[in-house]
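Labels for the chains are A, B, C and D, by order of writing; each one numbers its residues from 1.
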Amino acid sequence: MINVGVLGATGAVGQRFVELLADHPWFKLTTLAASDRSAGKPYGKIVKWRLDTPFPENIGKIKVVPTSPSAMKNVDLVFSALPADIATATETEFADAGIAVCSNASSHRMEPTIPLVVPEVNPEHLGLIDVQKDTGRDGFIVTNPNCSTIMMVTALAPLRKFKFTDIRVATMQAISGAGFEGVAAMAIYDNVIPYIGKEEEKMETEALKIMGTLKGKKVVNAPFKVSASCHRVPVIDGHTMAVWADIKEPLAKIRKAYMDYKPPIKGLPTQPAESVHFFDEEPDRPQPRLDRMRGRGMTVSVGRLREGVRFVAMGHNTIRGAAGASVLNAELIVKKKYL
Amino acid sequence: MINVGVLGATGAVGQRFVELLADHPWFKLTTLAASDRSAGKPYGKIVKWRLDTPFPENIGKIKVVPTSPSAMKNVDLVFSALPADIATATETEFADAGIAVCSNASSHRMEPTIPLVVPEVNPEHLGLIDVQKDTGRDGFIVTNPNCSTIMMVTALAPLRKFKFTDIRVATMQAISGAGFEGVAAMAIYDNVIPYIGKEEEKMETEALKIMGTLKGKKVVNAPFKVSASCHRVPVIDGHTMAVWADIKEPLAKIRKAYMDYKPPIKGLPTQPAESVHFFDEEPDRPQPRLDRMRGRGMTVSVGRLREGVRFVAMGHNTIRGAAGASVLNAELIVKKKYL
Amino acid sequence: MINVGVLGATGAVGQRFVELLADHPWFKLTTLAASDRSAGKPYGKIVKWRLDTPFPENIGKIKVVPTSPSAMKNVDLVFSALPADIATATETEFADAGIAVCSNASSHRMEPTIPLVVPEVNPEHLGLIDVQKDTGRDGFIVTNPNCSTIMMVTALAPLRKFKFTDIRVATMQAISGAGFEGVAAMAIYDNVIPYIGKEEEKMETEALKIMGTLKGKKVVNAPFKVSASCHRVPVIDGHTMAVWADIKEPLAKIRKAYMDYKPPIKGLPTQPAESVHFFDEEPDRPQPRLDRMRGRGMTVSVGRLREGVRFVAMGHNTIRGAAGASVLNAELIVKKKYL
Amino acid sequence: MINVGVLGATGAVGQRFVELLADHPWFKLTTLAASDRSAGKPYGKIVKWRLDTPFPENIGKIKVVPTSPSAMKNVDLVFSALPADIATATETEFADAGIAVCSNASSHRMEPTIPLVVPEVNPEHLGLIDVQKDTGRDGFIVTNPNCSTIMMVTALAPLRKFKFTDIRVATMQAISGAGFEGVAAMAIYDNVIPYIGKEEEKMETEALKIMGTLKGKKVVNAPFKVSASCHRVPVIDGHTMAVWADIKEPLAKIRKAYMDYKPPIKGLPTQPAESVHFFDEEPDRPQPRLDRMRGRGMTVSVGRLREGVRFVAMGHNTIRGAAGASVLNAELIVKKKYL
């Protein structure tokens, strides 16, 4: 068992980390960091638990520590649910202190030496860890993409053997993506908000790195363009998206690619039975309320495959799209013996 | 004043017709048709009024008649809110009996001799009325498009001077589009349904006819393709859509086209001050709850213009997208002296 | 293992029965009945599964049978999710054919010889089974109350030692209580419907029977009154209710009754660890979204205890309030050796 | 025309004040106060308009001033939408400076010399203005009750001739009652929150003052008790409540009291045609979405009258329950020549 900690343990993504790690077979959650004023108090007293799963009472007794490497000496790996503005410096500090950081924050995603990984899509990018270590750093940072990007690239994974030109994607994103307090009820109820700050930029840049090729010590971006239009809709969890991929192949071949898809990884505890569930017959799926918990929230569902090539993809944004993505990365790190 | 009637007067679109016609300056609503078992009863007794505007008490006293030309001899024009399966034969019957029909049903939209009109986009298509009359028919049928199509073609109207290639559109449609009983709360609450029967086909075919050119007695379809992905979201009224139009012009020219846009019609009572409202500065508009009632529900709002060319369009689906569209067509018919 | 079947297996409550029985330790789900036109087809082909839990594939292969005792000869007990109008005759037919019926339908609840049971409240009322058997019937019918009534009487269970006078209760009920198609989205979204047909009458009569006393072969109703006001709110699952019980005791004694409460039954597989969860410190609980799945949907949560005596109760209406209630009754029947 | 100003003009209630005063026949809205950092800027530049009615462009040009009497010398009356913590001192300052204050804040409601008025219920309580003036103050403060209290006391107005004992009330309150940012979407969507800070206390104390009797220079509280249970539900606007009033009269007399009700005031511009709309026949009304805009948001609707005496009341919380209530009070003040 590897001792692990969570940074930003009380927020929306932080709580998901705690939920996923409370009974993890490889990781022992020993340490929780939150704001300085919470330090010293039991996690169960300071967290306002907002998930509909039972609060893990054993974790509730852990005393919260400040967010600094010196307070977390017993851990080998931390999961970061920090906001981007804090994550930039703090995650670097942890990595420099010899701790592995699996981060959901956007701060370091586009740095050339930092892997931006979805295990089903680009596990080989973990090779950048060695590039980081070459700089004399003891620890390292591995990031997962923005939630919408994860759904898109995972849904596209079965199609990578085909030649793409442009991707267009219109998202219908859940309110939990903005954190517990991020969207006022008056703003989103009976409404669509056709704007999410920096989301389109993230989808348009991150996807090219993830689907790019590791050549030597560098990732060469994938040679296509992504054009995104991002919208918030009144859904609690689950990002849905309509995708157009300009693939010049018969639809039957595309369909077969989904039917035959096998991800390039296996044996990771958080990996679902199906990384991509393909709805071949149901005309009205995937739907967030019915499909977001498929594979305990880790399966990305794809349906409505049509000429275009068009399809609809959907996944759980705070599990597959955030905390679960980081945990899966950490499992891959362990399996690949980087830790 | 022209005496008019409404077919299908008790449903979602029928009630909107009644609301819009109760105090109309050109049309006198004298006759309401509904199912045979309602015939003879006052409208106010049989309708379950579900709009949040006050019920027009003067209309409530009108006795409902059966849906047949013989029962509606005093009217010169009927508005049809009939379901498509009934509309096919019934609307033909009314037109053959010498009555003008402004229909919101899909039945006759794609018939070569029947105009499919949005006054701001293709008013000249009313010329097909003469083609209908050449067949010896005394009345005629004029149709308006599907609700989503109306929003899209109206939002594209300022851009018609540019050369298009393909259009891609992802819709986020309101539940009222399916009628009062059309979507179960259990189906749509906290959910997105990525499928609306025949909606994509309608958008893909109707738009080409509307944006086509009337040459002699025929409409030649517009020379581009529409690829639609239609989704239902938990919004009461207002269809939002992300549109990509492949226009090879600088964004500044596109923006100027919206700023300078003047529709080709004027002086119609139901026409709003702005057919297209362009949000140039607000980053997060249009939004259905805040913008659907702009121009008393008749304005189509456009915002988030970006390279791509991408934008977001939104309009009220049961007013601009249904009953209001038919009433505006009827006003154009009167103004152009077809009646 | 006792072989059991489900009547009305495709509806909202029927699907919950299938979910709860798919892996039950005492009951083997062998038979599923649905409408005649479905008979002969595998359940997996005819059911439109709408729960967010995985569909039990092993049950999906079972071929559906017609709703008649002759088609279900291999079962000893059936769970009825039939609508009330069909349940009246059909459940009688099954009981006469020697089959035990655990019914969620309202048809037989108020019949003098039929037990209306919530195991935590009136397990001894199962004694009425003997009264039924005395009439020469081989099988028997046991019913559970209406969903709202179950939450109320379970929440009141810890207070039964005190003298009550009147109960007043205002409910805020979930849309799933009306079945998958029971409430149109246009009716309930952004709205409250202050009326649910026959619901107030059920709460006002059923509670008195359940909290009544079995004397000889009869139940003597409890000597207080219930005055209910029932409302539908935009919540998917979970009925919340504000309760006033006129108890002339200090609040501290009431609170202690909740803290010390132990239900009169134990050892039933579907029984939750806590039949009643009491929120003593949290000022804003119970809440349906956070608390409905407590005890796998079988716990009734109580909070906001105040002078009055006032409190708020909440429970999952299709699990604790319907299918789970029937299954718990069946388990009690087995434990008490009536089967 | 009386020059008036609004304090707290950019918030949820402040925007409603602007909407109601933009074209008022008696009041000229000349001055808008907001936070110091907004001072000097045009209202249209600093307000984020969130109502679905068109923004009043003429008001948009008014330059915002700081919240102090010296900056608002040209007005005779201000409407206060200030938060309670600021209102306490600020409103006193304005009254001392000779300005009439009509306040929606809770700060001064329960002070013995300050009228807490609903014009239909206790117009004579304005007599306390003279008591305030006796202290040498030039201006005065008049308050309106909490939104839920207003609906309750207005709904009870037709019943005041009967003897009451206790009132019990369970509310289902809209999210707009907490302000634009007051409730997070993650907190209320698919949920009920059975707690609103201080709301129950307000209903329980304010109602007794409003329904009390002005004797000399004092209000003697009404001699009954109110026991409230307050809940937030996912509704945008419109507070619904189930009320029990212990009135020992036949239901027919109660019903007649509603049918015959005439309010004690008339001729005020903001007063609706019906202060109380009574649904005598419709079994499922009032409903917030359909009925909140009755009387332009100023009518309180009552329905479902049953033995108990029980009924359901509903009104628009930010119009009748806040800004409209203050404006109606101001109109009464003018009519009664206190200004």
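Methods note: a contact is a pair of C-beta atoms (placed from the backbone, for glycine too) under 8 Å apart; a residue touches a chain by one contact, two chains touch by 3 or more.
What you see is a predicted model; the values in this text were computed from it and never measured.
By count of C-beta pairs in contact, A-D exceeds the other of the chain pairs A-D and A-C.
Distance from chain C peaks, on a Cα-centroid basis, for B. Chain A and chain D, compared by their mean Cα positions, are separated by 47 Å.
The mean-CA centres of chain A and chain C are about 40 angstrom from one another, to the nearest whole unit. Taken residue by residue, chain A touches two or more other chains at 50, 189-190, 234, 236, 289-290, whereas all remaining positions touch fewer. On chain C, the positions that touch chain D within their shared complex are 168, 170, 172, 189-195, 227, 229, 231, 233-236, 238, 240, 242, 244, 283-290, 303-304, 308, 310, 312, 314. Residues 50, 52-54, 189-190, 289-294 of chain D are the ones touching chain B in the complex.
Residues 12, 50, 175-176, 179-190, 234, 236 of chain D are the ones that touch chain A when the two sit in their complex.
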